[in-house]
């Protein structure tokens, strides 16, 4: 099976693209593709643990990132993206924190890269 | 009649938003609203005179900006936006070049501001 | 003429610089949608400014003060002379 | 593994910085859609790079060299090991 | 009196489920109606898709019903007819209480509203 | 031989007329087909609207016909069924030669294609 890296670049609300990147990854993982999901740029906002969009009548994407091991998807966050946005590591879901250099290596080793 | 200022912030292709901002302005001008159309940020790319999207099977929005006086719309370009993008004034459609300070005054004097 | 600015995009250096150029002390800014991430940055604005609470809560962004709900935002919309979205 | 990067957004300091972090000398970048405005900036990249000619022509952006058409872009897509859109 | 009621107008461009602008407009409109203001909404570009009554959104909010609800409460909900044609939205698919119009109606709404708000440049 | 033909796959998310991604995919697909490559296209999010045969685009390119043309030339054109439901696109409105599927089909396309390209994060 192919190795797929998904770059998720958009914030978790405002648009549904962050959630739909996850949904695509979930479907691919279900089809036994190896999926590495990378929250990068504004995508890292998705990893904030305590999201509560009930007043917007939406579902919290944080629930999936908080429980990502349930989904057979590996979750990665870009360290620079977190720091540029003044986020604390403690307020974020548990995930692998990587540098751009490590991202470059993952892209090198991937068969396919999807960007959302 | 009300005075409407339209802020057109998107480049002329890639999305149809720049063209649709003009189309909205055209419809308003036709309904005798006073329309000031301001190309700002990436919107100033729309003023490049010699656009030719025939290979994309699209129409050149430059045709309307090159002939804006036909449409009863006043066209303005933000000077800083032009300079930040390294555009030459000679390659742009004839329009009023204004500063942010002048834009602020126009917003002050407008009844309604539409942003695209 | 006092304007209410609705700031709806993820704040970055460029769009905050743009905002600062357009406002003066009699204006008001409300950060909505992805604009609420402004609370993570230390930005001083020369006019009153608020964050839309349901949008901040959705995103897990804590607001100490200066938050408004939809009802209060409608009040502000009527209180100022015009609304400018950026 | 050599990657072909498709750069489709209006270039600005942040996305160009991001691009530079991801490429190395064996990669290739093709600027498409609003990425073609790159030609207005003086950017040095450490790998071969091209501009998609129909997208540049549409926007009135003159390219002296390094332009590709759709056919040549398909060749590049096949020549490199994978395609990364940014 | 109806004629003296203050009104808020909206121009929305972002599409349903893809962008949050229709949601923001809905919640603001609910608050405005609650306070006794009139509401007029002009849907432009992808936002017109929000009025398609064939939308099925299992497990999620149903945006066409939200706009029907606003119409039921007295809001005027119209969508750009040209934009609808370009997106395959035909008149028979429109959710009840809404209709297709032209930019002339946008001009009319701008003229009659005390405040006017655009939402939706995408992200 | 068909089985050995090299293939290019696409995932498109930007909607028709609003964004240029469907156009870029069309032109690249035409070039790929001309060179003898296979083409598979998965339409996701707003891009599914491109297959609505009721789209009328007077004076402009007709995007549903462009995708029908690709299908006629042998390209596989599929769209995410869930995305279609959320946008009111029903099966009977699909342009000829295209169909609704699930993410499993995206997995299949990724597996069978030699190169895979995403287009369309919006602007």
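Every chain is named by a letter (A, B, C, D, E and F) in the order it is written, and numbering of its residues begins at 1.
Here is the rule we use: a residue touches a chain if its C-beta (ideal position, glycine included) is under 8 Å from a C-beta of that chain, and two chains touch if they have at least 3 such contacts.
Because the structure is predicted, anything quoted here is derived from the model rather than measured.
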Shortest path length from chain E to chain F (each step joins two touching chains): 1
Greatest separation from chain F - chain, by CA centre: C
Centroid spacing, where centroids are CA-atom means, of chain B and chain C in whole angstrom: 26
Where chain A and chain E are represented by their mean Cα positions, the distance between them in whole Å: 32
Chain B and chain D, separation of their C-alpha mean positions in angstrom: 27
Residues of chain E engaged with two or more neighbouring chains: 17-18, 20, 27, 45, 60, 116, 118, 121-123
Touching two or more other chains - residue numbers and ranges from chain C: 8-10, 33-34, 54-55, 82-83, 85
Chain B residues counted as touching two or more neighbouring chains: 10-11, 13-17, 55-56, 58, 112-113, 115
Partner chain A, residues of chain D touching it in the complex: 1, 3, 18, 21-22, 24, 82-86
Chain D partner contacts - residues on chain B that touch it in the complex: 11-14, 42, 45, 48-53, 55-56, 58, 60, 62, 85-87, 91
In the complex, chain B residues that touch chain F: 10-11, 13-17, 55-59
Of chain E, residues touching chain A in the complex: 17-20, 23, 27, 59-61, 122-123
Chain B residues within the chain E interface of the complex: 1-2, 4, 9-10, 15-17, 20, 23-24, 26-28, 30-33, 112-116
